[in-house]
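Next up: the structures, one after another.
The same chain A turns up in both complexes below, where it pairs with chain B and then with chain C.
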Partner chain A sequence: MSRPTPWRESLIRATSGICAASALFFLFAVLAVMFVFAWPSIIFNGWHFLWGVPWSIGNLYGGNFVVHNGIEAPQGAEYGMLVFLVGTVLTSLIALVVAVPVSLGVAVFLTEVAPARLAAAVGVLVELLSGVPSVVFGLWGVEVVAPLVGHGLGIFLTRTLGFIPFFAGPVGTGVGLLSAGLVLAVMIIPIIAAISRDILARVPRDMKEQGLALGVTRWELVRTIVLPYARSGIIGAVVLGLGRAMGETMAVLMVSGSAINILPHNVYSPVGTMAANIVALLDSAMTDSTGMAVHALAELALALFMITLIVNLLVPVVTSGVNIIAGTVPGAGGEKH
Partner chain B sequence: MNGKTSAGRRMKNHLLTVLVVVAALACLVPLVDIVWIVAAKGLAAMSWSLLTTVTSGVAGGLANAISGTILLVVLALVFAAPLGIIGGLFLSEFASTRVAWFLRQGIDILNGVPSIVLGYFGYVTMVEWLGWGFSLLAGAITLTMVMLPYIMRAAEIAMTRVPRGWREASLALGATHSTTAFRIVLRGALPGTLTGLIIAVGRAMGETAPLIYTAGWSNYMPTASLTHSPVGYLTYVVWTFIEEPFASAHALAYAAALILMLMVLAFNVGGRLLLKRRAL
Partner chain C sequence: MRKPKAWKLLTGLAVAGVLAVSLAGCGTSSSTGPSSGGQVSLLETGSTLLYPLFNIWVPDYTAKNTNIHITTQGTGSGTGISQATNGSAQIGASDAYMNDAFLQKTPGMLNIPMAISAQQINYNVPGLNDVHLKLNGPALAKIYSQTTYWDDPAIATLNPGMKLPHKVIVPVHRSDGSGDTFIFTQYLTFSTPSWKAGPNAGLNISWPAVQGGVGANGNPGMVQALQQNQYSIAYVGISWLDQTNAAKLGEAQLQNYDGNFVLPTPDTIQAAANALYKTTPQDERISLVFASGANSYPIINYEYAIINQKQANADTATAVKNFLTWALSPTGGGSTTYLDKVHFQPLPPSIVTLSQNQINKIGS
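For the complex of A and B:
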């Protein structure tokens, strides 16, 4: 048997280290390139980018250019991301309001209520369906959810909750904020439910048995023992779902209506989100000869990157047990790594 | 015990059961509905010629998109699999606790980056700056960034599960650290690693946002060239053709969605079966 010499040993270590660092390399490359590429827009738009409503590439045909802070752009060009930020936050918020109770219910159902065999079957089904491509969710949103909101749910909501301004009509076609939020909810329920289930399953058996020995009902067991024990892990799962919802592109693009220049005035209004509108606006942005429109979209992408980065960094802070990826690796059961 | 409280407690208990069953239904009904609609409308649109002809306008077939999807994912796998598996080996076998922690943070953050941001990065760097244009290589490298974190972490998790005794036995026989890593740990972790790879492939097939501005779209079969030649893929058909007002476009969108779902499902089920059958 030939024994590897020490230099071979260190070469192998170094090579495998480089492979492991490739993810970090990609991450910094993305961050650096987006920052450099967004720089002209950062200078041109200044802080106004963060709270400005209009998003306009300006007049491309007049041949007139304006120079602002030393950067050239077509006359009338103005970029603010507030509409997209609001769209991202509101669609994700609706998704969470719907998805969190349902996911927790599913997790409790699978761990505490359902017979073992049914729980296993439903669990596998939920896991498998978490792999459905987001364009397919979008397709379903266009064909089922938007018409449902436009012709049924929206009208029902205006009648029952119409006294709250944000729920009052007009309902419109159904393509908009509510549909986008509902489709997002359906997309993140399997993620939050699967991780919550793994966390609930880890509640120590003897803790539950002590409770049952004291004569508590299942409701009391869940409320006073299981959920409090699993709280930090569940919060982690919810934050993870929020990160996914904020970054989701295709499904939202297909059912949100891709609004620009106008803030949503009710829950049925068309909205644009940061992720979806990068796709929606890039084609037209390429026609800007000064390149400012493409730089502004890069700044939008950079801002989206930063927001999801902060949300994802919160996951290990608010929880000690869940891991972003480990929770979705089959057989790993979301345990500590 | 006070009978009144007892009745209240029992009712609450029944309420819990009802609520969680409703939640389970609320979770399953939309998912079943999605599968149902895609299966019904997709099957109605399916035909043999769909699989063998290329797209023309908003009609024709999907041969170009199917082969494009496979090409993009296979090429991305060629990049991501070695990086991910050997990187996972480093995390599990060679890295110090602190270095491993630091690298894991990077991997998890990359995993959380919205795929459209990766797509925009691919557009700016490869399509524009390097001048490759919409191309197979730009699309595949962008997909690599999507697949890499999952493959690396799945591999690492599989490797940390290889029993410590196996490593000790190997070292006791005089094998070096790296020989042990490659001959014992890598081999022992093969089922879990393969499962990670297969699930990553399934995910990559369903991606759209990283490809729109890197791979572009083409009505023709993919060419042999890595750059300067756009590639069609299935998710593009689902996204754009459902917005068209023509019946032929809708049929194509549903057929593409059905093929996608079947491919993704096959990979998901296959990966999980593999893990179950050959689990450590």
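For the complex of A and C:
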């Protein structure tokens, strides 16, 4: 064994430093490019973009143009992202509500309940699931989930939970908020479950043994020792899942019903999400000679990017708070992946 | 001994530079288009209405012209227009012609009619799928503008004596940029003043807010949405007629300019084409929707190949030109052997000449 020579060491330092810096560079480069692309739309639409409901490319075949704030756009062009913002937030929320308990169940089963060999096998399956292309989930959503929601689950929910306004009918076609949320849930379960499992596996054995020595049941052990200890790490896993859910495009496009100009009125309503809408509208946007349609989609992308960024930046804040409340060792289980 | 910082930085930059060059090298080695040995690869993308025709054209053509390889994709007319314009596809397929302002920004783009198509209005209403309900522009505009029941007066008055269900209509529209949306919304625009003043026509329009209305991707998505949802209605390209028939979906009779209700048959499509084709300008960008004539079907259109007049090189230009010339020819791809399979109608001889004139402009 020989120590690396100094020049090798400095080479490694320099290259790894550049690689590390490149992540930051690309982040800012993407942000800057999107900002430049979005700028005419920001000027044209103003603050209205943030809470406006109508999304209209304008009449491209009319040959008439309007100028607003010094920016030209086809007559009738008007852009507001509220429908897509609401669609993104609600589908992601439904996905989390379904996925988090299931994922934690999987993680607890794998680390605390299952025999080692079974845990390894199931663990591989869970990780395999995270590698399935999203279009496959989309197809499954269209063929299985949407009909199930439209003809079974949705009707069941209106009968059982119909007294809650958002769960009341009509159920409609099945494609929409609930189907999109369920498909997203299945897509993020492997992410949350796999990371949570790794975190639960790091709970020190002596802590668990102390608990067992005190005679707690397995359930009490999980609830009072394992989960609180791993809480901040689990929140990190959930946020990673949330990021995936908010950015997911293809599968959502296929099952969301691509609503435009209308906010969902119940949990079965067709919705549009920011990511899916960008894909759906980009091709015809390119035929807008003023470019406004593309600029507006860039602003939508910028908004999605900022939201994802904010959610991720909030993680340290939230997790540190939880640690204090839970009274666990600061930083324990808080490793980011 | 430590090397100075500058050295550290320099080695780092060198490594990064090598990486960048090797990555760039990877990028350039995989380009579409012509390669050596006279082999030419073409990409056709766009309209899902035209896609079935390209899919029967291409195998027959490339079997006899083995130096040409053509990939076909059904992605929507919006994609066809934009990818042909930015050069990522050599042949863009579209049911819609390019708008004036966009064409001015991209001079040299050709809109070449290859055949005449039509659009069906399909529905899935249990018990009524075999009766050909009568619909008109204002009724469709209402269905796509607000929550409407199947027994709405706007529909009932067109279908006297028909027992219509009191069920909410699920209007299905295309979520992707679509020439089908373009010709459908043209029919509404030309026939219904309130639609003209409102959403108007385009590849992608700002659909009025209708609770429960859904978007579907491509003609396959439209047929699937109809199949899966009772009481739905959708506009579907005539090249999908075999699929809509197999799915036992209803097909509406539409009210034409003269006030008669007609189905899209070879006769009614031809009648509509005959009423309008003579007005086709040299650049062939014209709507054939809502033609006059007692027997004219109201939603017909030219199916366009969207081509950049200036191709990347001579080989590609020749390949595109030869393929389109064959596809246009009444003895080649334009024969009823091909067109009948997708329920398209051949172009009138004078339009074939106009299209051939445009094809002849393709160069490099």
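One rule holds in what follows: the second predicted complex is superposed on the first by the 288 of 337 C-alpha atoms of A that agree within 3 Å, B and C clash if a C-alpha of one lies under 4 Å from a C-alpha of the other, contacts with A are read in each partner's own complex, and residues count from 1 in each chain.
The criterion applied here is as follows: contacts are C-beta pairs under 8 Å (C-beta built on N, C-alpha and C of every residue); 3 or more make two chains touch, one makes a residue touch a chain.
Just so you know, these numbers come straight off a predicted model, no measurement behind them.
After overlaying the two complexes on the shared chain, residue contacts for A:Thr308 are found with chain B alone; chain C is out of touch.
By the document's definition of touching, of the two partners only chain B reaches A:Ile189; chain C does not. In the superposition on chain A, contact is made by A:Met254 with both chain B and chain C.
In the superposition on chain A, contact is made by A:Val142 with both chain B and chain C. In the overlay built on the shared chain, the residue A:Arg13 is in contact with chain B and with chain C.
Counting the residues of chain A that each partner touches, chain B and chain C differ, and the larger count belongs to B. In the overlay built on the shared chain, the residue A:Phe44 is in contact with neither chain B nor chain C.
By the touch criterion stated above, A:Val30 is placed in contact with chain B alone, chain C being left untouched. By the touch criterion stated above, A:Val102 is placed in contact with chain B alone, chain C being left untouched. Contact with neither chain B nor chain C is seen for A:Phe84 once the two complexes are overlaid on the shared chain.
Applying the stated touch rule to the two superposed structures, the overlap between the chain B and chain C interfaces on chain A comprises residues 13, 15, 17, 142, 253-254. Across the complex, chain A is touched by residues 1-3, 7-9, 11-13, 15-16, 75-76, 78-79, 81-83, 85-86, 98-102, 104-105, 168, 170, 175-178, 200-217, 224-225, 228-229, 232 of chain C. Contact residues of chain B toward chain A in the complex are 9-10, 12-13, 15-17, 19-24, 26-28, 30-31, 33-35, 37-38, 82-84, 86-91, 93-95, 103-104, 106-118, 120-121, 123-125, 145, 148-150, 152-154, 156-157, 160, 174, 176-179, 181-182, 192, 195-196, 199, 202-203, 205-209, 212-213, 235, 238-239, 242-243, 253-254, 257, 260-261, 264-265, 267-269, 271-272, 275, 279. Across the complex, chain A meets chain C through its residues 6-7, 10-11, 13-15, 17-18, 53-57, 59-63, 65, 74, 76, 78, 142, 146-147, 150, 170, 172-176, 253-254, 257-262, 265, 269-270, 272, 280-281, 283-290. By the touch criterion stated above, chain A contacts chain B in their complex at residues 3-4, 8-9, 12-13, 15-17, 19-24, 26-27, 29-30, 33-34, 37, 101-106, 108-110, 112-114, 122, 124-129, 131-140, 142-144, 186, 189-190, 193, 217-220, 222, 243, 246-250, 253-254, 275, 278-279, 282, 294, 297-298, 301, 304-305, 308-309, 311-313, 323-326, 328-332, 337.
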